[in-house]
Amino acid sequence: MSHNTFGHLFRVTTFGESHGPLIGGVVDGCPPGIALSLATIQGFMDRRRPGQSRHTTQRKEPDEVRLVSGVLETEAGLITTGTPITIIIDNVDQRSKDYSKIADRYRPGHADFTYDAKYGLRDYRGGGRSSARETAVRVAAGAIARAVIPGVMVRGALVEMGGDHAAERNWDEVANNDFFCPDAAAAHRWADKLDAARKHGSSLGAVVEIEARGAPAGWGAPLYAKLDQDIASALMSINAVKGVEIGAGFQSARLTGEENADEMRMGPDGEPTFLTNNAGGILGGISTGAPIVARFAVKPTSSILTPRRSVTRTGEEVDVSTTGRHDPCVGIRAVPVGEAMVACVLADHFLRDRAQIGSDR
Amino acid sequence: MSHNTFGHLFRVTTFGESHGPLIGGVVDGCPPGIALSLATIQGFMDRRRPGQSRHTTQRKEPDEVRLVSGVLETEAGLITTGTPITIIIDNVDQRSKDYSKIADRYRPGHADFTYDAKYGLRDYRGGGRSSARETAVRVAAGAIARAVIPGVMVRGALVEMGGDHAAERNWDEVANNDFFCPDAAAAHRWADKLDAARKHGSSLGAVVEIEARGAPAGWGAPLYAKLDQDIASALMSINAVKGVEIGAGFQSARLTGEENADEMRMGPDGEPTFLTNNAGGILGGISTGAPIVARFAVKPTSSILTPRRSVTRTGEEVDVSTTGRHDPCVGIRAVPVGEAMVACVLADHFLRDRAQIGSDR
Amino acid sequence: MSHNTFGHLFRVTTFGESHGPLIGGVVDGCPPGIALSLATIQGFMDRRRPGQSRHTTQRKEPDEVRLVSGVLETEAGLITTGTPITIIIDNVDQRSKDYSKIADRYRPGHADFTYDAKYGLRDYRGGGRSSARETAVRVAAGAIARAVIPGVMVRGALVEMGGDHAAERNWDEVANNDFFCPDAAAAHRWADKLDAARKHGSSLGAVVEIEARGAPAGWGAPLYAKLDQDIASALMSINAVKGVEIGAGFQSARLTGEENADEMRMGPDGEPTFLTNNAGGILGGISTGAPIVARFAVKPTSSILTPRRSVTRTGEEVDVSTTGRHDPCVGIRAVPVGEAMVACVLADHFLRDRAQIGSDR
Amino acid sequence: MSHNTFGHLFRVTTFGESHGPLIGGVVDGCPPGIALSLATIQGFMDRRRPGQSRHTTQRKEPDEVRLVSGVLETEAGLITTGTPITIIIDNVDQRSKDYSKIADRYRPGHADFTYDAKYGLRDYRGGGRSSARETAVRVAAGAIARAVIPGVMVRGALVEMGGDHAAERNWDEVANNDFFCPDAAAAHRWADKLDAARKHGSSLGAVVEIEARGAPAGWGAPLYAKLDQDIASALMSINAVKGVEIGAGFQSARLTGEENADEMRMGPDGEPTFLTNNAGGILGGISTGAPIVARFAVKPTSSILTPRRSVTRTGEEVDVSTTGRHDPCVGIRAVPVGEAMVACVLADHFLRDRAQIGSDR
């Protein structure tokens, strides 16, 4: 079966498909009385919105969010009521175009073959539920999640594209380029790199880093509700993601025990503090109070002009090249999606922790 | 709260702590009439059992599995009844030793600080629920999972230790050395490497690779019940794991679209086949029929003799060095645990797929 | 938190509020390739639709169902794709009327006080999520559930109103009167009774009976996934329901062991058969193959013209009488809702059973 | 599948079977630092324990509870650690007797036939998971739940046996007789009644009432996490229960709107108060602050000496009479079980409410 819901107490269910009239979601479990701003939500949407630069798909979607339940307009502004919040985003530019060419052929790297293998049929229009368009709803849900944990700042950056690493983490730089890149020099290189790939009918992969600051020590649990486990699940649920790591991640496997274990001292505020953060802010599944750091790998866009060998539903061998509007590097727009997913996981764990421990920390 | 359960239809709940009289688990949702062999289960237990070589902890635990419910001894042998199977493993060598030295100091890299931060108290004897001893139950559950999907072979290997890669995937070699290493030459190097680390009061990290062959195309779902998402969650739930990747994983971020997308042709059996497997057997969250390949990074053991700076519960700055019986590379014994977790995820998805699609594939 | 989802494998999430632009739901886990008919779904909607007779509220809602995802129009008609089906029902007649009179006073029998007690605020327009309007979505979901288990017929009847019992179970009669009453004489009496109640500014309670025929023996589970437990939960989740019973129900507490235990003999088809059905088709939480029979008690409508003593948010003592469009007996329109809930529970258990046992029974 | 878990945040998983070496359970999500008393837990166990009077089964089970994880012995006594609490109860008197007589014949009223229908096989020794012995674990879990919500008093009584009602609710009387009966005169009558039934090889049904005082207004949710829905589910999950009602229950269907809706006035403490409690303390799925009142119907014991017609696995028609140790009225020992289930539901909703609202109320 499809489970279209994630989260336990801050629960998000998404619905709709790329080619239908709308997509949307339900955010369940949100506390009452939380102030929301449609403008703020829309700001997050705009970061993911297609067509913001020549480096993303030219599909034109305003991605205007409507909240059709669970909120109340008061004199002090929009607040949550505690009942489920319904997000509706109309599809405007879904182009009921000619899908006959791909209806019966499997695009390499896409879910076409596996969809057919699973369901025995496939709604080939726009990728069905596999379309990255669904991630718009996640961004809206993430914006609500942020309002639930206002003391936590979640931010993301593209830290690698096509194997080329950002050398810096200059967070002020992230908004200054088309790539959410925290390194101006890298962003400059990537623009050329991505133009070249697009012109060659190719595409590039990328690595996204998400950082959450302000989460207190104590969120998560020792087993099966580990904070890192839930972050891994949430990030791996994003389209095209093939790897997830926390803190030093795979690099930690190359450290010695004395290099890896973050030492502690008393901080200037009289609280214990960590001298390094290889743990990425999580030990034993529970947050340490240090910044939570996660990274995920996004494979290169599978929709490329360069022909690839494939087969059809009926077993004919064919070459497939994908025309149309596509992101040459889906990793770029995955940045706000990754932020949203981490925000949702943290809001969920805030509520779960509050349930068991009883404080707002 | 702690959620001590994972899986949806093949559901595993574990219980117990390292220092208590027993640990155990409940496997819920197992089909009836499945033949089980205690000897086979015990065989998997023995692979994870401590004290098998000088390279693992010298704690002596027979790890004898008792199944105290959900099974019936018949003339044809032990079979499942369809009701929950309870696994009990007695703790034999728990050494009610002197914990006073660590009771109030936080061991770097361990969950001591975060436990206290979360719960306000901590059962310091043996790490509580954070002890890797809990993973014994996972191995037993995984052995049952394997019996549910007998057509699927799940196997694992240590493919990197201390930054040194196994050059081969010689699966026949895995049982021939103390490291589950698929490369005899690497195993030889690692023995020296690990001896050296242990003698220096240090420890090493590792990377484990799990491969599942025989799973049909069609398991998983497009969203939030993605097979890769559930594998990532399951593997990240293992102690000391800091990263998970599927197929080409982080490396896929460095490929171009045409390199990464696995091409298809018709196989000799008249079925579509993939010419490469960068996808690691999963596309759009659904299995492709190709081998499912996942890797996870295990940080070096945090319990080391080399002193590390830390603090106590009351804010005193101290140096902590950990004596006692510890694995110098916890990645080794994580191999059978990783296999077990993937087996459980696959058994779960087999049942979930059968629910929705109605066939046994 | 609100959990706006029910079911495990056939999962229904509802959203929206009475006064908003729309209500809707997501049906997750539906098998692919199931033939749906919008006309058939609409037929079920019409049975619940308000304004069908003088005995129900005069609110005019067409309750037209749109399926905006999870279905595909094929030459053979509309079929499910296996991905989540989204139901949208526009609110047409929500009358953004003057709620100021009730905004700060608690209507007795309503959730006004408890909403405020829980959330500290209340969306007083139309009852928020407590509005019975939400049940329209359940009926649509139930229509889809029926298509998943076409061999099972689920039907309901009003068997008691205002303490007056239907003497017969003439199912052919149910469609012939305004009450879904299986006894023509009772229906005649009830018409007068309900007219009298309405004229006196009063309202009546009722008992609804649901019967499901065709479910095989074997659905359900011994513990915590008992079929009767899930039916009880589903029926108790309907607005205004205060009691649920299975088979002989509360009457079984007045029988002796030998009267109550349904005896068995071999049926004419060579299959075991029950000579009576006090169990209501469920033993030990598992279906017996006999008709599944459940009843639920619906309290009289709380919105009545007769003034009742109450208090305001600020502690002022007031008398409240509720004008506006209301059902004088909410039990009537609860009949199709009860059917829908039982259909959803059975579809869920069909899938759960198929997961574990592997057959389509 | 079997789901052997109930509850969301205060989650209970039970395991084991009547004839095995032990039964037990895991209580997950319990807050840390809760003081527990083994003596208090044992006190609740003793109320359910068999063999306390001639009116219950003579099976001798000490039902001694061991807590093997999740607790810590401190100077101040036993406290919870916040990790899962494991309950173990050894089976002492399981009599590995001769089951050959019932191995292939279906006892009317029991789950024998449905077990076979579901699983294709059946562990006939002691009823497997259908044995009421499992309810011992619920009582232990309920005792822990009570400690989580110490301000709430949950108590139960047998209010009807064999159709004979208790006229009073004299709670002080409940401990004075063998029936948990709140009416001394009724208890006297019931003793004779039950002796007569037992002598005639018959059995009696009963109705149990559970009352919870001290729960604040605000627990529960408008939809699908309704407090009454979860109570209904929990009580219907008890063996032999065929009906559940809240407050006036089925009787509310016979009241008019003005009789049924509980009026409100300001209480002497300046808080809103209800003048009646037909709602049984729950409106719109949320607690009102008034006592929560639920009742459930327990069918007469199916294990009776009087022969009943039945069939065997192979289709032979037989008469079955059940010898051995059985309760002539299982409703009696269902009283502490019902209390325990309501306590667990309330502890769960306390945590769920605290998660969303953030206060301890």
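Chains: A, B, C and D, in written order; residue numbering restarts at 1 for each.
Convention: a contact is a pair of C-beta atoms (placed from the backbone, for glycine too) under 8 Å apart; a residue touches a chain by one contact, two chains touch by 3 or more.
Treat the numbers as computed from the prediction; the structure is a model and nothing was measured.
K.L.:
How short can a path of touching chains from subunit A to subunit D be, counted in steps?
P.N.:
The distance in steps between these two chains is 1.
K.L.:
Of the pairs given as A-C, A-B or A-D, which one copies C-D, with over half of its contacts the same by residue number?
P.N.:
A-B
K.L.:
As a quick test, compute the distance in whole Å between the mean CA positions of subunit B and subunit D.
P.N.:
Whole-Å distance between the two chain centres: 38.
K.L.:
Could you put a whole-Å number on the gap between the CA centroids of subunit B and subunit C?
P.N.:
Averaging C-alpha atoms per chain gives centres 45 Å apart.
K.L.:
Taking each chain's centre as its mean C-alpha position, how far apart are subunit A and subunit B in Å?
P.N.:
About 26 Å separates the centre of subunit A from that of subunit B.
K.L.:
Mind pulling the residue numbers of subunit C that touch at least two other chains?
P.N.:
Within subunit C, the residues that touch at least two other chains are 1-5, 8-9, 29, 32, 82-83, 118-120, 128-129, 222, 351-352, 355-357.
K.L.:
Subunit B touches which residues of subunit A in the complex?
P.N.:
1-6, 8, 14, 106, 108-111, 113-115, 117-120, 128-130, 134, 160, 162-163, 197, 202-207, 216-226, 228-230, 232-233, 235-237, 239, 242-250, 252-266, 270, 272, 275, 278-280, 282-289, 297-304, 306, 308-311, 315, 317, 331, 352-353, 355-357
K.L.:
Taking the complex as given, what residues does subunit B use to touch subunit C?
P.N.:
8-9, 29-32, 82-83, 222, 351-352, 354-358, 360
K.L.:
So in the complex, which bits of subunit C are touching subunit A?
P.N.:
Listed in rising order, the residues of subunit C that touch subunit A are 1-5, 9, 11, 13, 15-17, 20-22, 24, 26, 28-29, 32-33, 68-70, 72, 79, 81-84, 86, 88, 118-123, 128-129, 351.
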